[in-house]
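Report on the following structure.
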Amino acid sequence: MSTNAWNAGALRDRAWRALIWGVIAFFLVNVGMLIVAVATNSVATRWLGTWLPEAYTTGWYLSAWKEFQLGHVLVVTVVVVFSVVFFSLLLGVPAAYTLARKDFRGKKLLMLLFLLPLMVPPITYGIPLATVMYQLHLAGTLPGVIIANMIPALPFVILVMTPFVEQIDTNIESAARVFGANTRQMFIYTLVPLLAPGVLAAGLLVLVRTVAMFELTFLVAGPDSQTLVVALYYAVFAAGVRAGQSVDAMAMIYMAITMLWLLIALRFVNPTQLVSRVKEHPVNA
Amino acid sequence: MAGQQNAAANGARKNEFRQLRLDGVSRQFGGANALDRLSLTIERGEFIALLGPSGCGKSTALNCMAGLLPLTSGSIWLDQQRIDPLPPEKRGFGMVFQNYALFPHLSVSRNVGFGLKMRGVPAAEIDRRVAAALDTVQLQAHAGKLPGQLSGGQQQRVAIARAIVIEPPLILMDEPLSNLDAKLRIEMRSEIRRIHRAQGCSTVYVTHDQDEALAMADRVVVMKLGVVQQIGTPQDVFARPAKLDIARFMGYRNVLPVNVMQSDGAGVTVEGAGSLRLPGTAMQALPLGSAVAAIRPDEIVIGEGPNAFAGTVETAEYGGREWLLQVRTVFDELLYVRSAAVVTPGDRVMLSAPPERVLVYAKED
Amino acid sequence: MAGQQNAAANGARKNEFRQLRLDGVSRQFGGANALDRLSLTIERGEFIALLGPSGCGKSTALNCMAGLLPLTSGSIWLDQQRIDPLPPEKRGFGMVFQNYALFPHLSVSRNVGFGLKMRGVPAAEIDRRVAAALDTVQLQAHAGKLPGQLSGGQQQRVAIARAIVIEPPLILMDEPLSNLDAKLRIEMRSEIRRIHRAQGCSTVYVTHDQDEALAMADRVVVMKLGVVQQIGTPQDVFARPAKLDIARFMGYRNVLPVNVMQSDGAGVTVEGAGSLRLPGTAMQALPLGSAVAAIRPDEIVIGEGPNAFAGTVETAEYGGREWLLQVRTVFDELLYVRSAAVVTPGDRVMLSAPPERVLVYAKED
Amino acid sequence: QPVTLNVVDVAGNLALTQDALEAFAAKNPTLVSRITFTKAPAPELPGKIRAMQAAGRTDIDLVLTGTDALAAGIALNLWEPLLPAQAAKFPGLLDNYLPSARKMQDLSNGQGIMVTYMPAGPLLEYNPDKVKVVPKTPAELLSWCKANPNKLIYARPANSGPGRTFLMGLPYLLGDKNPKDPMAGWDKTWAYLKELNSCIEYYPTGTGAVMKELGEGSRDMTVTVTGWDINPRALGVVPKSFKVAQLNGFTWVNDAHYMVMPKGLSPARQAVVLDLMAFMLKPEQQALTYDAGYFYPGPAVKNVPLSAAPQKSQDVIKEFGRPEYADWIAKQPHAQPLEDKAMVAAFKKWDQEIGSGKAK
Amino acid sequence: MAVIASPPGINPRPPFDPAVLLVAPAAALMVMFFVYPFAYGLLLSFQPAQGGVFQNYIHFFQTGDLWKTIGNTMQLALPATVINVVCALAIAYATRSKSPNQRLLSTLLVVPLTLGTVLIAEGMLTYFGPQGWLAQSLRWLHLYEGSIRLTHNYWGVLISLVITGFPFAYLLILSYITGIDPALPRAAATLGADGWNRFRHIYLPLLMPGLVMAFCLSFVQAFSVFPSAVLLGSPAGTTRVIAIAAYEAAFEQYDYSLASAIAMIMGLAQLVIVVAALGLRSMFYRGPVAGGKG
C-alpha cells in the first residue's frame, strides 16, 4: 500500500518534471526557430512563402553597415553600454547595500526617488533632461549619453541588488570588519565576491536595457554619439521603403552585440551563487 | 594605502595598551537586557574567561567589545581613549566567532590570511604566517579547500587560526573549541595559552566548559541573565561560588535543604532531613534557620568516616574514569555521587563530605 | 492529503523496524575517502555513539544514513528493505545538524513544529507537542523569536527540539550539546536518554566528548580518517582501546617507549628508560622487544606503593577538582598526572600505576 | 573657416541625396570641412531640437524631413523662416519646381525648401495570377474584396505611407464634401472604409508587413504608392511580376521631402546651409534622386529626365519601373496631403472607428 | 583621531551612521539629473494647452481611448508578469542544482534577453506568419490548416512580452534561489518535507523578497511596453497601451503637456501595484538565508 502511495508520489514528481522540461523545450525550440527565421531572412535575396529562400547574400549586412556607419556606431554603443553598466554597478551596489541593511530617516523618500525613474516614461523628463544636458555642454558627448542612460539604469541596479544583499549573512561582514577591513575593503573582498551572481544579473539586465534605451540616448546624443538602437529604430520606424531583410540584418547585428556581452559575462561568472555551489553536495564523486 | 598605514599605526599604538576598561556596558534587544551594566577591567596580558549559562549574554559582551554591536549605554576605554564609538576595523582586535563566520568564497588559507592582507602585510610574509597558523591548528592538509568543504571542527579551527594569525593586542574567543574532540581540544588549549603568553596579548575567552575556564584563565567572570555574578580567580569561582546559583552552575549538583544549627564565623553546622548533622562552610552571612547546602558529586567521599551517613545506590552510570551514582539517603532528593570503584544499584554505601566542601547558602526565595 | 497519509503510514511501518544495517557504506569527496566501508548494524532501541577526531567522517556517516549524501558505494538496509535510494523525507529519521540548519524565516516554535506539520498532525496537537519539546530544551520563553535572535546555545537547543518532537524511529544527532554549558549539558543528556528510552527509538549520536559517549551510549563506534577502528561498549572502548591510536584519542596521554621483558598471556612486564620495570596489560599479541605503554593521567597514582617510581613536578595547572601536573621522571617525555592534593612545581612525588591500567601496544612504525 | 555640418534625416531622404550633399562638401572645401549624417525616426526629432533651443545650443544644421516633422516643427516654431527672407538665395524657386510639385512647397509655410517629390498614390497593387478582373472603381474594389475576403490588406494609416495615401485619396475618388476635412467632410469615405472593414482580416502596423504578406502570397491585393510599388520589387520583397492599377478618376495625393534649418544657428553657418540648399536644387543633384525608385520619381524641379540619372539608377527603373506612371502623373489631378492637425485627427478617427473594430 | 572624553553612561555615538553615505553618490546623481527634469515634467502636466490646471487629467479620464489604455495595459502587463514570474520560478527551481548541463541550459534560457523587441517582432512576423515555418510545418504535418493569428493582436504582444520578460525573470530568480543555503531544504527533508513542501515552506518564503522585486521590475517593464505593442499588436485596438497614448500625445500631436500628464498617470498606476507589492515584501522574512553555524 505504501509502496503504491510512494509510486504515486514519484509519478507525480516525474509528471511535473516532464511538464517543466516540456515547457523549457517548447520555449527554446520556438525562440530558436524564431531567431533562425530572422537570421535566414537577413541573408536571403528573396524569400516568398517557401521553406527556404531562393538564394543567399550578405548584401543586407554590407549595405546596413555602410548606410549607418555601423563601425563607429558599434564602438560608441560598446563604450556607452560598458560605461553605464560599470558606473551604475559602482554606484548602485553600495547604495543597495545601504538601503538593504540600514535604517535611516528619509529612506522611504529615497526609495521613491529610485523607483520613479523606472516607472515614469522618459517622455516626461527626457526633453527637460536633454535641455539641462545641453546647458551643461554634456549633450552630444559620450559622458552625456552615459549619464542620461544611468538615470534608469542606476535605480534598476539598486532594486535588483537589494534582495541579494539581504540574503548575505551579516556575520560575514562583521568578520571582515573585525579583521580590519574598512568599508571599501569589505566591499571588494567580501561583499562583491559573494554578490557576484547578483552583480552579474544586474549588470546583464542593465546592459540589455541600455542597449535598448532609445529615447534618452536619442535626445542627448550628438551625431558622433548615437548608439545602435537609434539606427535600428530608424530602420524600423522611419518613413519610406526598407526591405525586411535589411531590418533583419540590423536586428541580427543588434542581437549579436548584446549576446556577445552576455556570453562573455556568463563565461566568467556563473549565475548560481557560490554558497550553493560549495555546499551543494556533489552528486557523485 | 593611507588606510593601511593608518591601520598599521593604530595597531602599533594599540599594541601598547595597558588596560581595556568596560564601564557599565549594557545592551538591550527590544527592551530585554542581554547585557546589563558590565564593568570590567582587563589588564594587558590577562586571560579572562567568561562563563555562564546559555543565553546569558556572553556573546553579546564579546560583540560589544569588538564593536559589532552598538552599546545601549556605557562606554569602553582603551587606556585613556574611549573606543566604543570606533568601528570594529579601527580597534584591531582578533575574534573567533561562535558561528565561525568564515568567508565562504575564500579558501582556508585566504580566510586565515585575510586580516594580514587588510593590514597590508607583504604577500610573502602572509604566506609564511598563514602556514604557521595552519600548522598550529593542524589544517595544513586542507589549506586549499573552501570552508563549505570542511567538517565542523575543521571550520572552527580555521576561525581560530584566522584570529591568532594577526597577533592582535586583544583576542576575543567565543567558544572556540566547542566542536573539537577531547584530544585536540587539550592540544589547542595549550596552543592558545602558549600564543597568549608569547604575544603578550590579552584574551577574553567565552566557554561553557568549566575545565577549560579553570585551566586557562587568570580570572573568571561568571554571568547570568546578562548580569555579572562573580569575578575571581578560577579557584575562587570554582571552590567558593559567591551565590547558590553560581554554585549550581559550577557543578554543585547536590543542593540540600538544611537548617543552620550553629554558626561560628565561616564554619557552620547544619542539620538536614530531620536528624543528620553536617559541618559546613557558610558562603554568606547566615541567620540560624532554613538554608541550603551545596556539594559537588565528586566531593562526596564513599566510605566510613566522621559525619558519614548511609545511602542506597539507585542508578549507576559509567563515566569513564568512574561511576556516576544516584544515591537515596535521608534527604528527599537523590544525591549525585562519583565512585572510582565499581558499584551496582542496590548497594549500600556510607557517604561523607569534608566540611570545607559543604557550602551553605541562604535559602532562595 | 495523500502525501500526508502516506508519510504517516510509512512512518508507522518504519517505527516497527528491527534493525538498521549499513553495509560497506563509503563516501568520497573529490577522490578522498571521507567515509570508508562503514558496516554497522543498529538494533532497535540502541544508543550508538560515533566518536573520533575532527574530520574523521562522523558527520559524513550521519548524512549518509539520513539520505542527504548519496553513497559512493555500499548499501543501507532497514530490515529487509534497502533504503539508500530513498530520499531523506521517505526515511522519516530525525536529525540534529552540526550547524543547526534552522529555518531562518520561521519562529522557534514553527521551526520545532515543522516536522509535525509535514506529517499532517492537527494544529492543536502540534502546539501541544511543540510546547512540550520547548519545555524539554528550556526555551519556552523564546518560542516567538526568530533563530537569528537567539544565542548559539539556544539555537542548538532549537535544533534538538526540532528533531525529537517528531518522535522518529531513528534519531541522528551531530554534536547536539557542543554549545551548551556544563549544567545544561548534563540536564540535556539525561533528557535525551529519557526520550530515547521512552520512545524506544534508536539513536546515533556524534560527540567529541568522551564523557558523553561513555555516559549515554550502549555501543561506541570509534573512527579515524573515515575508517572504523573499534566498536564496543563504552567500558571496552574506554578501558581497553584496541589500538594505540584509539588509546591516544581516549585520553591515554602518557605514551612511553618500553621493552617487553616477559609476556604471560595478557600480563606483561615491560622495562622503560633503562632500568624501570612495570607490570602491564598487553592489548595485542606482542613479541618481546620494543613496544609502547599507554597510561591515562588520572590512573597514575601519587604515593608510595609497589612499582612506584620517583619524579619532579614541572608544571601544575588548576583543573577544578584537581591539579594537572607534568612530571619529569626517568622517561624522556614528561608524564601527565592528576593530583587531588595541592602540588607545586619542584615537589618530588612517587608515582605508580595499576598493572591493568598500563596498556602495552606494539610499537608504531 | 570651413564648418562641420550636421545633417539629420528623418524621412529616409539621404538615400536619395547623400551623394549630392557630399558633392557639395567636396566642391566647397572652404565652406564645409565635413558633413555628418544622422538618421532618426521623425517623431522624436522636434523634441530634441526643442531641448537644444531651450538650452540655446543648436547643433543640427540641416534637417531632411517629410511633411510630418516639418509640420510639427512649424507648430512648435522650431524652423528658421527661409522664404521670403532668404528668397535671394533661391532665384525663381517656385517656377523651377515641377508644376505638379509646386503646391507642395506651400506646405512648408516658407520654412522649408522642397528637395524631392513623389506623386505617391493611391494605387492598387495585385498579384496577377490571382486577380483576374482588376477593380476599376472603389465600388468594384469593395465587391472584389467581399468576394475574396481577407485577400485585400492595407496597413494602419498612422504607420504607413500607402495606408495614409489611400485614406487621403478616397474622398477624391468618392466625391466627398470636403476632402481636406476628415471630421466633417468625409462621410462617404468613413462609410466606405467601414464597409471595406468587413472583408479585411486585420491591419498591420507598417507597410513592410503588408508587402511581406503580399509577397509571400497570403494576400492578393493592397494599396500602394509609386515608391512602394517599384522599390520592394527591386529589393525582392514582392515578386517582380506583380502589377499596379489605378482607380478611375483618382487624384494623386502627393508627397515630398524638405530641407529645413532649425533656429539658433550662427549667421555664418546659416549662410553655408543656404548655399547647400540652393546647390541641392541643381539638376545634376536632382537627377541623383531617381535612385532605385524608392521615392519615384524623385526630382522636384523641371527638366531632370531619367537619362540624367546615374546608369545604375536608370537600369533599376528600366527593369522595375512602370512606363504607365508618366502618363498617369500627367493626366490625373494632384492634391496636397492633409494638413498636420487634420491628419492626426483622421488617424485618430480611423483608429477609433475602423482599426479598433478589429480588436480580438 | 580625537580622544572623545565624555562622562560614562552617555553615548556620544552619532545618531547618523556613516555607511548611509554609500547611498549618497547614487542619490546625488538622481537629484542632479532626474529630480529637476521630472519636476519640470510634472509641472508641465499641469500647464495644459488650454483649460484649467487639471485639464489634462480631466481630459484623460473623459476620453474613452485614453483612460481605457490603463485597462488595456494592465490586461497585458499583469498576465505577462505573472506568467513570466511563475514560469521563471518553476524553471529556475528545476534547474537550480549543479549539473553538467546546468550552465549551458541557463545560458540558453537567458539568451532571448539579447534579442531586442525588433528582432522578436520580425521573428514572430516571419515565423508565425501565414507562410512562416510554423504554419508550413503544421500544414505539412496535417495538424492544422487554418491561419494562425498570433501577431497583430493581443496574443502577439503577450508572446513578445513573455519572450523578453521570461529570461529577465529567470536570470533574477535563478540567482536568488541559489543564494539559499542548501542545508535548509536538506534539514526540511529530514523532517519529512517532500519536494513540494520544501518548495512551499522553505524556498518560497525565503525567496519572497526576491520574487517580489522580480515581479515589480518585470511588471514595470511590461507596463511600459511600446515598440512591440505597435509592431506586433493592434495599436488601434486591444493593445492600445498607455505608452502609445503618451507617445501619440507627445510625438503626433506634439502636446507635451498632455503627454506628461499621461506619463504621470502611467507612473502612478505602476506605483500603485509596485508599492502594494513592496508592502507585501515587508511582510515576509528578509534577512540572511543561512541557518546557523559555519
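Details
Per-chain numbering from 1; labels A, B, C, D and E assigned in written order.
Everything below uses one rule, namely that a residue touches a chain if its C-beta (ideal position, glycine included) is under 8 Å from a C-beta of that chain, and two chains touch if they have at least 3 such contacts.
All values reported here derive from a predicted model rather than from experimental measurement.
Graph distance from chain B to chain C, where chains that touch are one step apart, equals 1. The chain pair with more C-beta contacts between its two chains, of C-E and A-B, is C-E.
Annotation: 53 Å between the Cα-based centres of chain A and chain C.
Separation between the centroids of chain D and chain E, computed from CA atoms only, is 39 Å. Chain centres here are Cα averages; for chain A and chain E they lie 13 Å apart.
Touching of two or more other chains is recorded for residues 9, 48-49, 126-128, 131-132, 169, 171, 233, 236, 244, 247, 275, 279, 281-283 of chain A. In chain E, the residues that touch at least two other chains are 126, 131, 181, 183, 194, 231, 247, 250, 256, 287-290, 292-294. Among all residues of chain C, those that touch two or more other chains are 3, 29, 68, 98-99, 152.
Of all residues in chain E, those touching chain D in their complex are 65, 125-126, 129-131, 147, 149, 152-154, 230-231, 233-238, 240, 247, 250-254, 256.
For chain E in complex with chain C, the residues that touch the partner chain are 181, 183-184, 186-194, 196-197, 201-202, 205-206, 284-285, 287-294.
Residue ranges on chain A touching chain D, taken from their complex, read 45-49, 67-69, 126-128, 130-135, 137, 139-140, 215, 218-219, 222-224, 226, 230-231, 233-234, 236-247. Per the touch definition, chain D reaches chain E in the complex via residues 43-44, 46-47, 72, 75-76, 156, 158-159, 201-206, 209, 212-213, 216-218, 344, 347-348, 350-352, 354-360.
Across the complex, chain A is touched by residues 16-17, 19-20, 22-23, 25-27, 29-31, 33-38, 40-42, 44-45, 87, 90-91, 94-99, 102-103, 105-120, 122-124, 126-127, 131-134, 136, 163, 166, 168, 171-172, 174-176, 178-183, 194-195, 209-210, 213, 216-217, 220, 223-224, 227, 231, 243, 246-247, 250, 256, 259-260, 263-264, 266-267, 270-271, 274, 278, 286-290 of chain E.
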